[in-house]
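Worksheet for the structure shown next.
We just call them A, B, C and D in the order they show up, numbering each chain from 1.
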Amino acid sequence: MKKLSYREAIREAMIEEMARDEQVVIIGEDVGCYGGCFKVTTGLLERFGTHQVIETPVSEEGLVGVAVGAAMLGMRPVVEIMYGDFSTLAADPLINHAAKTHFMTAGQFSVPLVYRTPMGSGTGAAAQHTQSLEALFTNIPGLKVVYPATPIDAKGLLKSAIRDPDPVIFLEHKVYGTESVIPEGEFTIPLGLADIKRQGKDVSIITYGKTVFTVLKAAAILEDTEVSVEIIDLRSLRPLDTPTILESVRKTGRAVVVHEAPQFGGFAGEVVAQIVGDEETFRALKAPVARVCGKEMPTPFNKDLERQLPPSPQAIIEAVLALFPSAV
Amino acid sequence: MKKLSYREAIREAMIEEMARDEQVVIIGEDVGCYGGCFKVTTGLLERFGTHQVIETPVSEEGLVGVAVGAAMLGMRPVVEIMYGDFSTLAADPLINHAAKTHFMTAGQFSVPLVYRTPMGSGTGAAAQHTQSLEALFTNIPGLKVVYPATPIDAKGLLKSAIRDPDPVIFLEHKVYGTESVIPEGEFTIPLGLADIKRQGKDVSIITYGKTVFTVLKAAAILEDTEVSVEIIDLRSLRPLDTPTILESVRKTGRAVVVHEAPQFGGFAGEVVAQIVGDEETFRALKAPVARVCGKEMPTPFNKDLERQLPPSPQAIIEAVLALFPSAV
Amino acid sequence: MSIAFNREQGLKSLTLMIRSRLFEKKIEALFSSHEMHGTTHLAIGQEAVHAGVSPALDPEDWILTTHRCHGHTLAKGASVEAMLSEFFGLSQGLSKGLGGSMHLVDLEHHNGGTSAVVGSGVAIATGMALQLKRTGSHNLVVAFFGDGASSRGIIHEAMNMASIWNLPVLFLCEHNLYGMSSCATNMVSVESIASRGASYSIESRTVDGNDVEVVYAAVQEAAQYIREESRPYLLETRTYRLSGHSKNDIRNYRTREEEAAWSQRDPLKILKERMIARGHLSEDDYNLLEKHEQKSLDKIAESLAKQKRYLSFEEASSYVYATGGSR
Amino acid sequence: MSIAFNREQGLKSLTLMIRSRLFEKKIEALFSSHEMHGTTHLAIGQEAVHAGVSPALDPEDWILTTHRCHGHTLAKGASVEAMLSEFFGLSQGLSKGLGGSMHLVDLEHHNGGTSAVVGSGVAIATGMALQLKRTGSHNLVVAFFGDGASSRGIIHEAMNMASIWNLPVLFLCEHNLYGMSSCATNMVSVESIASRGASYSIESRTVDGNDVEVVYAAVQEAAQYIREESRPYLLETRTYRLSGHSKNDIRNYRTREEEAAWSQRDPLKILKERMIARGHLSEDDYNLLEKHEQKSLDKIAESLAKQKRYLSFEEASSYVYATGGSR
């Protein structure tokens, strides 16, 4: 075992895959000597050269389109887009092309592309650089969407994503310094499996991405109130590990869904709908299904205001306690 | 009262607003003598001239960006984009700009823009021309999203949308020939109000857009089984008329949410979450909340296959009956 | 600048153009009689472009085309039967009925398919070229786009990247004067789209797109340049869509006189008359050829119209992901 | 081509440039000491562009700028206090602390604000120009963009539309050799971005962006052309960002020698030396001016640093929609 940051874990996954297969190519803006906007690709150019590290002009739509075309002929591009917000610019190649090529060509072509981009607030970069836009992608058949929280999940999932024959949207949070221990050597984590980050019996909190850590904090505090929290880190949004969610909620009878994206129209709705759409799970529910998500607001620059945007441990705790009316 | 088609109703709303205010300007591709891709703007150029009807090159991102800028200086652009699928191209000006300008400038500028585009399948136009992409927009604070089904709603909502100071995504279905009676003269329908298209007491079916008609068909058939269906046509997705939904579900105790967009990650999740997130409504539920939505598939060209994509009356009926286990 | 086909070349080219023309007319008829559904974009009048481009290439060169893709697909090697099957939505169609008229694709003949999002395919083609270059292939990619598409930003991004990376891509602008109802005169801010090559240091040229010999020669030259210089190339072909934009187009945005004038420059007429003048063809030969093609086409169409072998919903589902399954 | 400022003009221009330079240095210091948060993009070395552009315009002409917007905003008329307040996130900031460093905006001085999505602002500016033209205004809009942004497709779309609609927009390319770490030599497929004007039949020119007199004259000339001819114009200013791209940029993508060479062409130095040579300024005058500006800036910064008047969350919410409320 060794300690790696989220940044290093992602980098290591890329290095291992690039070394294994020269068709794995990093494509993006300033991914060379600059190391990318969040320094994730540092050292890759030196090690693999321009054959596997391609720096592009500021042309998000074009470079993703180019990656789609290259993938159709066998490249395994790992695209890095500096901020998730610019996914708006890459929406056409991803949604209208990458997601549909295998289907529209009845399997003549596939698009084994990974689209890496960081989402979320906390950087003071204001409204156009801090969104959580996973909802752009989760309703698109043909795409897979993952969003790991921890270094180990990031590494394992990225390696699977790179080897996957389908286009995978690989979302990252911006706490790239987050550290955890990681097994030495080769390992992968399959797409589509949630991870129970904490076992519990009274309430299931379902989340993904950066808010996994917020929920962990909230759960630790809730220990004092003797509420035992089970934390499901989805890791993969599409495909979603519905069995794991349902099993947990059937056990606890209570569910709270947490993410940083604005609540209204966010992915939490899908999770809630999975829970209450299942007869047995529905019958097991002892309380309404709650959501604690981002506020309905573009990200303000002001630090104090920005801090109030994503779910806080306090808000999660309140939402959980509200599910135990007798206990309050 | 008079009879108008969906197409004519939309056109009439535009004509009335353009006559009332010369800042109301239609902007889009082939919206002049061609009358637009679906012939909605026929006659507008002849009547209002190039001062109020602006034909653009094939530049979706650019023309929407241009409309945003013009709106900041007082124009009230009504943008027509030929197919909702090309919203991927307009995502940046809409999501990163129109939605955020009022906020980021602390009210110095507003963007009174309407973005009209048709969504959905049924035309044999295959995967890149038939998507239902409302999920691109419903998770974006700063945008409003409406999706009328009937001519009367289309007219009333479009007039409100044009007068609204915020950017409004105005989605249309492609059954432009759908007719209904419409009051003579001036009327508007406020954004944010659902409409109960049919009163009932056993189950609430919540839907919007083209599937309103599918649900009406299913409800008529369900009459025979003595299940009394209440149909809520949301009309407006953001803001959502949650009170009307909750009131209905509290009454019926059963809910089914229907739309054409693929089920997974679709807007139905939000509706479900609203229902089961409310304590009183949750307690009133007698059965799981069901969804009947589009299949998880890009639209196939083949007509028979395409037809199987959106919810059918039969699928809705089955979902409803499944909520009455004793009755089956 | 131009080459003169010998008799054999001329006949091959003429046959292809006749086949394409008759194919489009057949499609038009099948739509009119509602035997086909969806929408369709005919390339009647533009045969010299598709018949001039792919035959001038190495068969392993790639093309990536547009919503107006029938002629390109035929010229690149697809059989009329596989194409027509796709129009009928049959499981033996080019993409088993999942793509349809706007999405013809043919891996076997190095046809990467289309984007029906006007312009977007140009970036995809550029990406294919990037991969060809990376893997040391000597092949190139032809990126078809129209005068309408030329206003999309993606074209700018793709040309810039193709230039800085020295990619083997032939940007092939099929300038047919209109994008739907919009005349290029009003929408394109420059006389010659080829002249925009200068913005990217891309070699470029405008040629008569109704003269198949001219197109053929220009493509050969461009392809040679691309291979030898390892540089992209922009070729603008000036032509005219004699048909409407898609079905039900009343063409009120242009005059019948303009159409008549362009009919005089019908690419089939031009080649036919030239071959007759050269003694390579007689009127009778031509009629025979046409009759032969028509008969073969009718036979295929008739046989396919009766077929109903569609993919099942489950089979279709299996194509959503390369890993199988629909989620 | 260039004009020679008289003493008064020179002093005004120099003062503005000094103010801008000191402002950027102050921001840099406040970020280093963590008194400010977020990110920031300094325009040190590019003062001749912003000091040359807006002062050459009619005050009612508009600008629409970029992530690197401090100098533009200052030169268009915003007060140091309102700007600095925004950096501190205070409620008396230009946008009450909601926008921050990358989103300075100032309606009062006809500054339409920024897009921090590189390139996207150019379309917004073009739309503003469309509305100005429609309403019969004689004013124009300046659309700032960088060499990096020049590779975005949106620039192509906007220039094409501005040209076909004859819009009063001045496309102002601030070519500072780099987009983040990427050198234009590797990313821009043509020597001169101005030369791309030809692709849109847009008049264009490249000028020395470090000489404020040159920029001023070029903008005056361009503005006159735009107003008289009712046509857009593309002006490329060649300059250099002496600072890093944003905070924490170690600038390993370029040499210290290159930076030193450009320092010799520091726009402040150029104007200062020229004014001294003309007898319009002494070293002492300059030092006094600088000291005066520094003092005034320090005072403002000091006073603001102590303030804590932020919008409440509810107040912030009220700006999500023009109709009020957050949903």
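Observations on the model:
Going forward, a contact is a pair of C-beta atoms (placed from the backbone, for glycine too) under 8 Å apart; a residue touches a chain by one contact, two chains touch by 3 or more.
Being a predicted model, the structure only gives us computed values, none of them experimental.
Of all chains, C has its CA centroid at the greatest distance from the CA centroid of chain D.
More C-beta pairs in contact connect the chains of A-C than those of the other pair, out of B-C and A-C. Mean C-alpha positions place chain A and chain B at a centre distance of 29 Å. The geometric centre of chain C is 46 Å away from that of chain D, both derived from CA atoms. Averaging Cα coordinates per chain places chain B and chain C 36 Å apart.
Centre to centre, using the average C-alpha position, chain A and chain C are separated by 41 Å.
Within chain D, the positions touching two or more other chains are listed as 98-99, 103, 115, 117, 151-154, 157, 160, 164, 186-188, 316, 320, 326-327. Across the assembly, chain A contributes 56-57, 59, 61-62, 85-86, 88-89, 92, 96, 103-104, 126-128, 141-142, 238, 264, 295-298, 300 as residues in contact with two or more other chains. By the touch criterion given at the top, residues 64, 95-96, 98-99, 103, 105-107, 112-113, 115, 117, 120, 122-132, 134-135, 153-154, 157-158, 160-161, 164-165, 316, 319-323, 326-327 of chain D touch chain B in their complex. Contacts from chain C toward chain B in the complex involve residues 37-39, 86, 89, 97-103, 115-119, 148-149, 151-153, 179-182, 186-188, 252-253, 310-311, 313, 316-317, 320, 326-327.
Note for the complex: chain B touches chain D at residues 25, 51, 54, 56-57, 59, 61-75, 92-93, 96-97, 101-110, 112, 141-142, 144, 164-166, 238-239. Taken together, the chain B residues at the contact with chain C in this complex read 29-30, 32-34, 37, 55-62, 85-86, 88-89, 123-129, 264, 295-298, 300-305, 308. Residues 85-89, 91-92, 94-96, 99-100, 103-104, 126-128, 131, 133, 135-136, 138-142, 237-238, 240, 257, 261-262, 264-273, 276-279, 282, 285, 287-291, 295-298, 300 of chain A touch chain B in their complex.
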